[in-house]
Amino acid sequence: QDVSACLITKTDTNPFFVKMKEGAEAKAAELGVTLKSYAGKVDGDHESQVAAVEACVADGAKGILIAASDTKAIVDSVKAARDAGVLVIALDTPLDPIDSADATFATDNFKAGLLIGQWAKASLGDAAATAKIAMLDLSISQPSVDVLRDQGFLTGMGIDTVDINKWGDETDPRIVGNEVTAGNEEGGLKAMEALLAKDPEINVVYTINEPSAAGAYEALKAAGKESGVLIVSVDGGCPGVADVKDGVIGATSQQYPLLMASLGVEAIAKFAADGTKPAPTEGKDFFDTGVALITDKPAEGVESIDTAKGLELCWG
Amino acid sequence: MASEAKAATSYEDGLKGASDKVAEFHEDTSALKKLQHWLHKTPSAVPLIVLVAALIIFGVVAENFFKAGTLSVILQQIAIVGILGCAQTIVILTAGIDLSVGAIAVFSSVLMGQMTFRYGIPAPASIAIGLALGTAMGAVNGWLIAKMKLPPFIVTLGTWQILLASNFIYSANETIRSSDIEKSAPALRFWGNDVVFFADEAVKNSGVKILYAVFLMIVLVAIMAYVLRSTAWGRYVYATGDDPQAAELAGVPTGKVLIQVYALAGLFCAIAGWVMIGRFGSVSPTASTGQLGNIQSITAVVIGGISLFGGRGSIVGMFFGALIVGVFEMGLRLVGTDPQWTFFLIGALIIFAVAVDQWIRKVAG
Amino acid sequence: MASEAKAATSYEDGLKGASDKVAEFHEDTSALKKLQHWLHKTPSAVPLIVLVAALIIFGVVAENFFKAGTLSVILQQIAIVGILGCAQTIVILTAGIDLSVGAIAVFSSVLMGQMTFRYGIPAPASIAIGLALGTAMGAVNGWLIAKMKLPPFIVTLGTWQILLASNFIYSANETIRSSDIEKSAPALRFWGNDVVFFADEAVKNSGVKILYAVFLMIVLVAIMAYVLRSTAWGRYVYATGDDPQAAELAGVPTGKVLIQVYALAGLFCAIAGWVMIGRFGSVSPTASTGQLGNIQSITAVVIGGISLFGGRGSIVGMFFGALIVGVFEMGLRLVGTDPQWTFFLIGALIIFAVAVDQWIRKVAG
Amino acid sequence: MEPILKGTGLVKRYGRVTALDHCDFDLYPGEILAVIGDNGAGKSTLIKAISGAVTPDEGEILLEGKPIRFANPIEARQAGIETVYQTLAMSPALSIADNLFMGRELRKPGIMGSVFRQLDRPAMEKFAREKLNELGLMTIQNINQAVETLSGGQRQGVAVARAAAFGSKVVIMDEPTAALGVKESRRVLELIQDVKKRGLPIILISHNMPHVFEVADRIHVHRLGKRLCVIDPKKHTMSDAVAYMTGAKVPDEVMA
Amino acid sequence: MEPILKGTGLVKRYGRVTALDHCDFDLYPGEILAVIGDNGAGKSTLIKAISGAVTPDEGEILLEGKPIRFANPIEARQAGIETVYQTLAMSPALSIADNLFMGRELRKPGIMGSVFRQLDRPAMEKFAREKLNELGLMTIQNINQAVETLSGGQRQGVAVARAAAFGSKVVIMDEPTAALGVKESRRVLELIQDVKKRGLPIILISHNMPHVFEVADRIHVHRLGKRLCVIDPKKHTMSDAVAYMTGAKVPDEVMA
């Protein structure tokens, strides 16, 4: 009998979610599930996601996989969907409260940031105390992934985050400035140029994702500063890992969107077949698909894998 | 001299016995001509036709489309755009444009929420404050446009950015949770209540739910249709958009009208902000209406056959325009189109709908 | 009868000896009046004044601002907006608007990249194809506007969505990496090369780098300034924007002019797309220019004093407008404002710059 | 007799052009004052300054002896000065009736009007039809036609009808018959005389000398931005007037 | 003699209004043909149909015996038909010189003109000044003034100068003197006669009977969307003409 499922991602221009969709589609084809995908239009767009949930319910979907743009704001419509008998699985980001969804297959974005922060701190050694840090964030609307990665990084660096629910309020003099990048090369480049004009001595660059890291690198290269600067990032896409290998990026935290997606599709297929709901990872209230730090220059005290392994695991 | 003047116009004697009848031209009264004339006279007819066509097509193509539940979901999905569209319509009728509608809506909803939760003001008072502040934001737009004579596109481009940034700064990007609102300020969620039709008592969740928000949208459209058509103020709005200099010389207080229009638009946006709380349950400063509300409402307005040059079109057309977009989006979702393709097709729809409108008008012309 | 007619106009005898002199009105030639007149005559003067003021203010407020390096970074940051602004200027001079400029630019850059890397076409040929396709996209806009008589806002709103969606679908959201381009298609990155001035041989990375892209932008602005001022075609562009019906009756082939304008705008956008590759190193379908290029270029145009109603303004003003935005963004960053506050202040700047423009014109009027 | 409307030393500059150059001006109660002058002499600018459409840079305007300063045409209208502008000032997309009543719409009696502010369209249409009939604008078929569908002359007729119907102190007409046919012009002249009979003074700008001499009580000759002289149509010939306004002759007396 | 321009059975409907109702029309070489009629009779529509500004719904137009169908005014101009429209057709923000040469700009000689396509502004300005002087539009101070800064009459003068200067087969003028002063009107009439001397036929729409009777060779009386009759100004009085066009009298002969 015909099982239909929905995948709702934050946007469908970010390669992370594009690949998540591809993974889900592959799995769905394998299991004979009809998958329809939806997405928000801009970063932080939960309204399109609400509309998508409503459409899925109207369409009689068995399950919904959702990577929520606003983890609190989506809760009501998720509840409505569950009331209508649809299995809702949060992907990538847990909802708030986390039990709003039937299950969560997520990655820990805070931890992803934390890892690169710790790595940067360890790599710098004593210089960490006098580092000059550029923060290349996502967007001024500060969606949760943006905040978690940023604040995780700062925590890993040992910098006071002031309000952990917000980036940009830090007062540590090591931070040269925050700029938004929209998570693409263009934004990364322009933001880096501006921060370099502000302080040419920058030697650590945090980036929200790998495309913005690539852009930041171009700006550093143009300024002739590419060699002395540590760039750290999050995502673990294949081009990103290749950039780590080429020395463009120092370290990146790899996440596993394909895994989340295929696990999600499997769970829905199972639910449709016998009504069982997936269980969370032991000791956590969600199923953690894991984060791994990828670097070819491992730092003491921070667990990491090298780029060869990273390229095996990367998601597109 | 006057006598000389008389002589110079003596040929006017020929006027004696001049015809006094209204010229009677031959009139073509075939059914086709009558239809064309009606289409010409009724600016909202074309979007209505497109809407019906879209309904039929999706009804055939997408299963699950012609269900009462689906149709009611479409209505609730366009409720906010429809209300923002009321704001956009009156602004565009004055040959203006308001890029800040979405930002005002989101900021107002954040203000209502924060008034209640940060300062502990009772919800109804917070709502009143939010509505007043939204109106004030619109009035500032209007003042800059009417008194400083700045182009509406620029003014609202600026206030859009200003309000959106203020919204993020003020709210600290904090979403107020649905459960908190439910508990302590249900008034904020008023428009999220629903009326259930055709419910089968025995079955849970049966029947068709219509949100209060949907009724509100329809009532607002109806009121504005009346105001624009049947009151002097409505005529002023059209005259101001049509030819502002002429209107001013003819005695329309165009400056005052513009300020009123933008302030009223601000009020509608604030109402939309209130409705957003009801519809989404929570108060989220990152709501995409802040970024996209302007384009969405403009799309509804233009698909509805209202001229961006001002002075022509009807608000009922805007309502159909919003419905067309809603039907398309829902239809494409049900067909299972990829989001990028949906985006593509909505783009094509915009051009197509306006082209059909132009074509019918030309044939009817 | 004719004799009767003669009699009726006999009073015209009074004309004998009528003055043949040009009326000589009293002229106020004070320095102030002359300045006002000059301001009035030179639409790009006001943005120039605002620009100089902004430079001075930030020079005082922000350290590191008045360094050659910072200023050259400002120039390179506005290179793309400046080229898109050329496209936007000619379109807005015809009383149109082009929301698709950014989408055409990004899609063209993706096409150039994919031609080279997916199909193995030599880079120069890929570039030529990309430029031709960009021009074609613009021409389609122009055709819909000129021949189908659809409003430019709608057409380009539609093609914006269509092209952006096509861009994502066609590229499968795949970025072409900078290192690949460097290796096998350096022609794509041509505009990213730079000329170094004042280099101190001994010190690495000393001197001021100016990107080829910056020169290209300046040359394009200069050419278009000449074309708009000193050729018949330039006059047609102004006349079409000023009063299209009058222009048509007066013998301007407005339809042809519109198609040419949008096609040329498409070409400029494609050039901007090529420049983007050089500037960003990589080819990315998600570049923000696709979403924001329209608003950014419109902002430059209006801060530059070009009327959105068409027919008035100069492209040099657009150039200053782009510079003002660039100077503000950089200056605010150096002063250390939070991105949210920068967003806020740019919004305020837009309104302020246009208000100053209006005010000076009014005083000068 | 005191002038009902008086201007002294009016100056209006447009950039480098001085369209009004210390111009004086008087209108007496109940009279028809014609203003004649070359193209570009500044006649329209003069009446725009009086009717609030432009603000003079210098000079003073007195209505019934009291200094006035209109910020916009609405204030002038509220003070009872009704104007037909050369550019006609009509909203093309609105109907004839809407245009006639622009700014002083009639509302339905009773609650529909007072609370719901509903327009009384039937009454407005009836009134509009009457006024247009008075002008003999018989080729207008439909009072709800949009003004943009009217011929040039028909539009002019609507504008004249509006001013004549609503003026209460002064009626100003800037070339009201310029686009009108023989029949329609004659009706406008009759209308002007009707208005005068109602006791209202009229300012009439016209290039049609026979018409001016036929209806005017006094003729203000405008030249190079100022009043050159005022002549009495009964004492001067049209030929004289033409000679004065074109500079062919210099008047020896200054006032009529 | 064959008519140079001939229309038969022309029909143009605007929605429910039939502005041209099976109208016929002839213009003979070298003549001045006046078209007179009530406001809204369809005169402007007739000449718009001839000059390509509107496309007639039915009927045929022949230029020098060959059927023509202009899609737009540019084609008509290329065929040598130059028109002064009642709405003047000028770009307000552009200068007088730019407007005069719109669509047929002069380019600099040599490489600047052929390759860089630079306009020859000095030549254009000189020519423009000459043409305006011929019309006696002396109150225009600056040929580079924007048209929007001109008075109504001055604009009309510029439009007339343009048509007279560039017409090569037929010149059409829709109420060219409506906004003009006595002096300027006289100049336009002289100009019309000059154009006629150059051998060009002219169509003149005017409500000014003395002027029409003074210059016209034949008078086309338009009524209710069609040609009522053509009269000879030497054989008919102005009073007759007025009577025919207003429907006060019915003409007994049909052609002049």
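Letters A, B, C, D and E name the chains as they come in the text, with residue numbers starting at 1 for each one.
One rule holds in what follows: contacts are C-beta pairs under 8 Å (C-beta built on N, C-alpha and C of every residue); 3 or more make two chains touch, one makes a residue touch a chain.
A quick map from chain label to UniProt name: B, C = ABC transporter permease; D, E = Sugar ABC transporter ATP-binding protein.
Everything numeric here is computed off the predicted structure, so don't read it as measured data.
Visitor: Supply the minimal count of touching-chain steps required to go from chain B to chain D.
Guide: 1
Visitor: Need the most distant chain from chain C, centre defined as the mean of C-alpha atoms.
Guide: That would be chain D.
Visitor: Per the centroid of Cα atoms for each chain, what is the distance between chain A and chain E, given in Å?
Guide: The mean C-alpha positions of chain A and chain E differ by 72 Å.
Visitor: Can you compute the centre-to-centre distance for chain B and chain E, using the mean CA position of each chain? Integer Å is fine.
Guide: Comparing mean C-alpha positions, chain E is 45 Å from chain B.
Visitor: Taking each chain's centre as the mean of its CA atoms, how far is chain A from chain C in angstrom?
Guide: Whole-Å distance between the two chain centres: 37.
Visitor: Take the average of all CA coordinates in chain D, do the same for chain E, and state the distance between these two points in whole angstrom.
Guide: Averaging C-alpha atoms per chain gives centres 29 Å apart.
Visitor: Going through chain A residue by residue, note those that touch at least 2 other chains and give them in order.
Guide: Chain A, residues with two or more chain partners: 12, 42, 140.
Visitor: Identify all positions of chain C at which a residue touches two or more other chains, and write them in rising order.
Guide: 4, 8-12, 14-15, 18-19, 21, 23, 25, 168, 340, 343
Visitor: Could you check chain E for residues that touch two or more other chains and list them?
Guide: Expected reply: 14-15, 17, 40, 87, 139-141, 182-183, 209-210, 237-238, 242, 246.
Visitor: Can you give me every chain pair that touches, using the contact definition above?
Guide: Contacting pairs: A-B, A-C, B-C, B-D, B-E, C-D, C-E, D-E.
Visitor: How about chain C: which of its residues touch chain A in the complex?
Guide: 64, 67, 69-70, 73, 76-77, 168, 172-175, 177-179, 194, 204-205, 209, 276, 279-282, 284-289, 291, 329-330, 333-334, 336, 338-340, 343
Visitor: Touching residues of chain E toward chain C in the complex: what are they?
Guide: 53, 72-74, 77, 83, 85, 87-94, 98-99, 102-105, 107, 116-119, 136, 138-141, 162, 182-183, 186, 209-214, 233-238
Visitor: Quick check: in the complex, which residue numbers of chain C touch chain D?
Guide: By the definition above, chain C touches chain D via 8, 10-19, 21, 23-28, 33, 37, 40, 365.
Visitor: If we count contacts the way the header does, which residues on chain D are in touch with chain C in the complex?
Guide: Listed in rising order, the residues of chain D that touch chain C are 13-18, 21, 40, 209-210, 224-225, 237-243, 246-249.
Visitor: For chain C, which residues count as touching chain B in their complex?
Guide: Per the touch definition, chain C meets chain B at residues 4, 7-11, 144, 148-151, 153-155, 157-162, 164-166, 168-169, 295, 298-299, 302, 307-309, 340-341, 343-344, 346-351, 354-355, 358, 362.
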